[in-house]
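Below: the structure, in structure tokens.
As written, the chain order gives the labels A, B, C and D, with residue 1 at the start of each chain.
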Amino acid sequence: MGPHETVEVTGHLMDSGILSRVLDDIRDFGGDYVIEQLDVGHDAHDPSSARITVEAADDSSLQRLLMRLQTRGVNQVSDGDAVLATAELDGVLPEGFYATTNLETRVQLDGEWHDVENPEMDCGLVVDAPSGAARVRTVPLTDVRAGMRIVVGATGVRVSVPQQDSEAAPLAFGDGEVVRDRPQAVLVRQVADGMRQARTDGKRLLWVAGPGVVHAGSVPAMVALVRAGWVDVLFAGNALATYDIEAALYGRRRNPDESAEGLEHGHEHEVRAVNTIRRAGSIEAAVAQGVLTGGLMHALATCGRRFVLVGSVRDEGPLPDVHTDVVEGQRAMRAEIGDVGYCLMMATQLYSVATGNILPATVPVVCVDINPAVVTRLTYHGTNPGRGIVSDVGLFLEQLALELVADYRRT
Amino acid sequence: MGPHETVEVTGHLMDSGILSRVLDDIRDFGGDYVIEQLDVGHDAHDPSSARITVEAADDSSLQRLLMRLQTRGVNQVSDGDAVLATAELDGVLPEGFYATTNLETRVQLDGEWHDVENPEMDCGLVVDAPSGAARVRTVPLTDVRAGMRIVVGATGVRVSVPQQDSEAAPLAFGDGEVVRDRPQAVLVRQVADGMRQARTDGKRLLWVAGPGVVHAGSVPAMVALVRAGWVDVLFAGNALATYDIEAALYGRRRNPDESAEGLEHGHEHEVRAVNTIRRAGSIEAAVAQGVLTGGLMHALATCGRRFVLVGSVRDEGPLPDVHTDVVEGQRAMRAEIGDVGYCLMMATQLYSVATGNILPATVPVVCVDINPAVVTRLTYHGTNPGRGIVSDVGLFLEQLALELVADYRRT
Amino acid sequence: MGPHETVEVTGHLMDSGILSRVLDDIRDFGGDYVIEQLDVGHDAHDPSSARITVEAADDSSLQRLLMRLQTRGVNQVSDGDAVLATAELDGVLPEGFYATTNLETRVQLDGEWHDVENPEMDCGLVVDAPSGAARVRTVPLTDVRAGMRIVVGATGVRVSVPQQDSEAAPLAFGDGEVVRDRPQAVLVRQVADGMRQARTDGKRLLWVAGPGVVHAGSVPAMVALVRAGWVDVLFAGNALATYDIEAALYGRRRNPDESAEGLEHGHEHEVRAVNTIRRAGSIEAAVAQGVLTGGLMHALATCGRRFVLVGSVRDEGPLPDVHTDVVEGQRAMRAEIGDVGYCLMMATQLYSVATGNILPATVPVVCVDINPAVVTRLTYHGTNPGRGIVSDVGLFLEQLALELVADYRRT
Amino acid sequence: MGPHETVEVTGHLMDSGILSRVLDDIRDFGGDYVIEQLDVGHDAHDPSSARITVEAADDSSLQRLLMRLQTRGVNQVSDGDAVLATAELDGVLPEGFYATTNLETRVQLDGEWHDVENPEMDCGLVVDAPSGAARVRTVPLTDVRAGMRIVVGATGVRVSVPQQDSEAAPLAFGDGEVVRDRPQAVLVRQVADGMRQARTDGKRLLWVAGPGVVHAGSVPAMVALVRAGWVDVLFAGNALATYDIEAALYGRRRNPDESAEGLEHGHEHEVRAVNTIRRAGSIEAAVAQGVLTGGLMHALATCGRRFVLVGSVRDEGPLPDVHTDVVEGQRAMRAEIGDVGYCLMMATQLYSVATGNILPATVPVVCVDINPAVVTRLTYHGTNPGRGIVSDVGLFLEQLALELVADYRRT
């Protein structure tokens, strides 16, 4: 028998399908397994538990398989302290580093368990003071510094998977119960309720938006939501901000993606709008100077809301507020997610994936896009209690504003 | 020089792009042309006129080219009487038959012009009494009978193209003017206005709907619209009616198209629902017997609205009301379109194309689908003043019901 | 405790995910369960078995839940003889009828098990001679006749689910093992191998094709495959045959779906082509008369291959060979599937779903379409060992012809 | 009458549709026009010419309208010298700056015409030595420096539109002539011919590729093309390079976008691959150290081909070779396009749009993607003689390698 380890898992193993995914993982890594023990609750409401010995070809594969299994809430039975290694180069993790999930994670050091402070997927785990008041936090590759103490292997790491309830299923796919009445209206109302709950809990509301929000004519709905306090921070790219500002300066233009003839040379307004803001120095300065007097970015600036704009290779300009370095941009985004309690992703795959990469699994996410492939991709990315809604972002935002803003469309 | 003919066209030739399409047509048929005369209005509001001699390789090609040009409103200068030939076989038009458009068409017989009674595309033109009080009407292939007098060639036929105004452009693609404010809400309101106008004009409202209307949870919105008098006739297939009835009998089920795992063997409810209606004898009988007590088909039956259900090869059952012969189904649809003044096509390519095939060009059409390819296909099919809306049918119908039904969602 | 029944299932319960789907089904029907016994094989290669008592609110729900569970291979422990009822009306099954799957099914009568002769989903089961040499076969709703003896409820019916192997997973989604080398070429080769195997087994090759096959320019590839003996029977609609014939008579035309400006009035060639074949009397007659001299339909006719064309509501014409009654069309299709050993579905959702509805679960199916939604829908429809390939049908057929036809592209 | 200017245009005005687009532009800018003179060639092969006076509300609008018209090849009749203004701030163009197209452009200074050295769209025009041996070149916003002399307004600037031939139409949409035979094979062959021609002309071949190239299993085809000399430079993002390297190190993984269950936590391999290359220092170093021994990036490195990797906000890592600053990345891309003679864009909207932004209009572009919306977007972006092919990138590259690499699939 090759290198092996015994793991255990508890919960609604049968009806959640976790067990079959665990066995899939084992096969994916070329491993093998023996089910040592399986206690099945007798009726539908009893939890089950399993104890499984997994085996892999070599120790490195075994460690990586154990890390994968943790994403299912399957942890080692006999875990001692985490093993640490020292990063030898800036920006490089040690061989065999523990690759994080965005789930709640604990690390055992000197026999004590420590919560990971900021769960984020695909990072390393750095231990700041290996003895005494040790702190454990995630570190992305770019922020690794030589000398950091990094967790290697899966030993001494435990991950908690949130109880999957039926709510976690993407709404557009049905939710297993009979819904007779106006599901689309119900969907919008559920999103509004989620936002109200986050607000009640003292959490911030994060929006991620693509230029489609402008093309769909949703700027008035977004402005109303900003003014009514339903947007705390916006993540976007140069395109959304530029189209919004261009529309504020020159009037709304056609959506280049949908036009039969496409864009041809229609960028001219866009570049001129960017140049105008560059002359002012920043969006905030343009608002202060009276150059920019309307639109979403204006509303954010005048209401004191935060926004993080991160560049992309196709940007024209870009606007002076844009982080042209994407790693800096990621850092700026991370700085804003600390107390986020609800996240709405509107019509952008690029920025939504980027946000999903850094968001803890505990933040509810709703993703709206007219392209089913984007919704599927985003909904299953990570383990957030996410809901994907295949829908027109324009009608969705219209209904959401009607739901949340008392006097919307009545002024 | 080969066979040739001189044609003329008047209107906003430059800015409508008609002239370049005409020249495209000529090339498509391997023809050639000489522009004999071109009068261009000096300023933007003056009409232009052109006189063009077109040439083709042989007379048959020339005649077919002339028919194609008529779809652009380009007619022959020197037209004498239409040429007639006798159909020799049931269901077969004579060689060289004039293939119709769905535009307003006139035919010259004995020096007098006669309106075609029921414009429909891809039909023949049958002259009912070739002398005296002649009547000219379209006849589909299947209804041709031996002995009918049929127009052959393009001589003596004139077609009128409606003045293209900016309204005719598909809404989703922008309309050339600056729209600043809530275009999605505006779109829904414009559709509602079109329906009100048709109602004011004493016209009927035709709906074409696919099963997506049930899956989107729009049955309550549709029922409200039926009860408030905004649906005169519905064209659909077995699937829409079956899913609606199944939901009324057993509760709404998941949309099989969107489910991650798909349908597997989930047809069972559907077949049972169909069997139940077959036992009752018809949808109306099932309503009368108290078997069917809710849903869209129930609302249509209890409000005395018309519906035409036509079968397709994938039907389970089908319901007893379904025309299983598609040619009979087309005839039943034709019998309902006489005084239609507005047509809404919701989430079905098959039935929408079928309806577009028989609808005169004068009926405004709005097509709503979440798949842009379907909208593009349907919007450009024929020359109806059609508007394609790429949108979620669920949110669209919700907003339309809010717009048209006074107490919707307040009861 | 309400009405209940004990069921059992054996196989790779853990890693196939069957158990969690079974529990999903129970919840869907509002039922409850107790796991009486669960034997888990100790290592990855041992089968497991489970014995579960399921409970439902009433007997009717219980029977329907038991039918659903059978689609997972979960059968009742204590089954006596099947219960029969007599159909009282033509075209109507008795209340509580057993709704079939397309899996291998056996029915117990007088203590003896009888195979269902022609598994097809969503049918009833008719027992032809209830005693002695009883025969059991599926009967679609439309073919039910008063007096038939029909199975009601799930008692006395057993279904066998084929062992799911990794081959059954849709290829485009990966297959669980590491594939390093040219997967697209490998995919085409695997399809070719499946066709060769079916041929070796003395089975027929069924194709289902939409008009996209003509638009993609694949007629030469199809003709080569027909001539080389790789097409035994074709299911299609009027559109495929008409476009193919139109191209043979007038040259290939643009694909209306992809054209920026769409179809406008371009049906004219199509109607003329249909009229020409109607005059000849049939496709075969047109070939015999020398009217039709090329294309796919010509190849089928000259090589003596079978085709079944079934109408749809959007048909222009249609061709004289088309079954305009869809129920007749379904019967004609059923008559051709008896010894089919491989089925290729190319670029048509409508006819592919129709074929999937009547095909036994044992026939391998490959579905090729450029629209991922169509592939997903078709792949998960039924339990055939189906493979969905999201791909360009033109390039796929080109490569398949290169693979199967020795001198393709070399002549 | 408001501010106005007389412009002229010559060419195939009627059948190219240019005239109607020009009038559309005038309307878009709220302008008006008078057609002063229109000479129409009498037959199909004669060029036409038009002289039009255009009017706008104010001079600023007029100048911008004139710039737009230049993109159609419509230039001012009475142009004097270009007007220059001095940039006052780094990164900001003067008010009223001339916004460039990517067409061949000339600027008149002191009565002499100067070619713009590096046509690129949405830039300013900087005049390097305003007298004597003046040079004019494009400058993107980010590279503007205070003190630069910049062209303002449209006076003194002339743009040449390449003669639109039928080749310029996107292939997938048909090309106006009757194509009977294997269009998909023909398409691939035409691309191969275009590449051979560019090679013959001593030009470089530019590829732009997304991660779909790896997911489609096309790495072997790409490697063969690199080794045979058909790839001079590759533009891509971190994802393509990472997936390629990950596959080389750990075997190919599933495409997360297509997986039914999606990615979940499957990034782990990816991060580990990136970390490995970061430790080596660069892709080239990893090849030199024997760490990276296969795949596309390995082939480029060992064959001495160029690649430019530019970051995006969703990057994990990224690889050490990636330009994390997108403006730096754009500069690196610009440095590589000087002598490009053919550009292939494979399965990436982001990097293809970015490349289209900087490519001169004279470079032929072919864009392959399975999503029609991406192809349409890219094909109509700019005025390159571009061809959009809606196709499976895997099968396309397989056939292209068969076409261009003598011994492909035979080794």
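The rule is simple: a residue touches a chain if its C-beta (ideal position, glycine included) is under 8 Å from a C-beta of that chain, and two chains touch if they have at least 3 such contacts.
Here the structure is a predicted model, which is why all the values come from computation and not from measurement.
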Point to revise | Of all other chains, the one whose Cα centre sits farthest from chain C | key: D
Study note, to complete from the structure: Note: of the two pairs C-D and A-D, more contacts are counted for A-D
Study note, to complete from the structure: Between chain A and chain C, the Cα-mean centres are separated in Å by 40
Check your understanding: From the C-alpha centre of chain C to that of chain D, how far is it in Å?
Key -> 45
Practice item. Starting from the mean Cα coordinates of chain A and chain D, work out the distance between those two points in Å. Key: 32
Check your understanding: Touching two or more other chains, which residues of chain B qualify?
Key -> 259-261, 372-373
Review point. Of all residues in chain C, which touch chain D in the complex?
Key: 172-174, 178-186, 216-218, 220-221, 247, 251-255, 258-260, 370, 372, 390-392, 394-396, 398-399, 409
**Study point:** Residues on chain C engaged by chain A in the complex (per definition of touch)
**Key:** 14-17, 19-20, 23-24, 26-28, 32-35, 38, 40-44, 176, 260-261, 372-373
**Study point:** chain C contact footprint on chain B (complex, rising order)
**Key:** 21, 64, 67-68, 71, 89, 91-93, 97, 99, 101, 121-122, 141-142, 237, 256-257, 259, 261-265, 267-268, 270-272, 274-275, 278-279, 310-318, 320, 324-330, 333, 350-351, 353-354, 357, 373, 376-377, 379-383
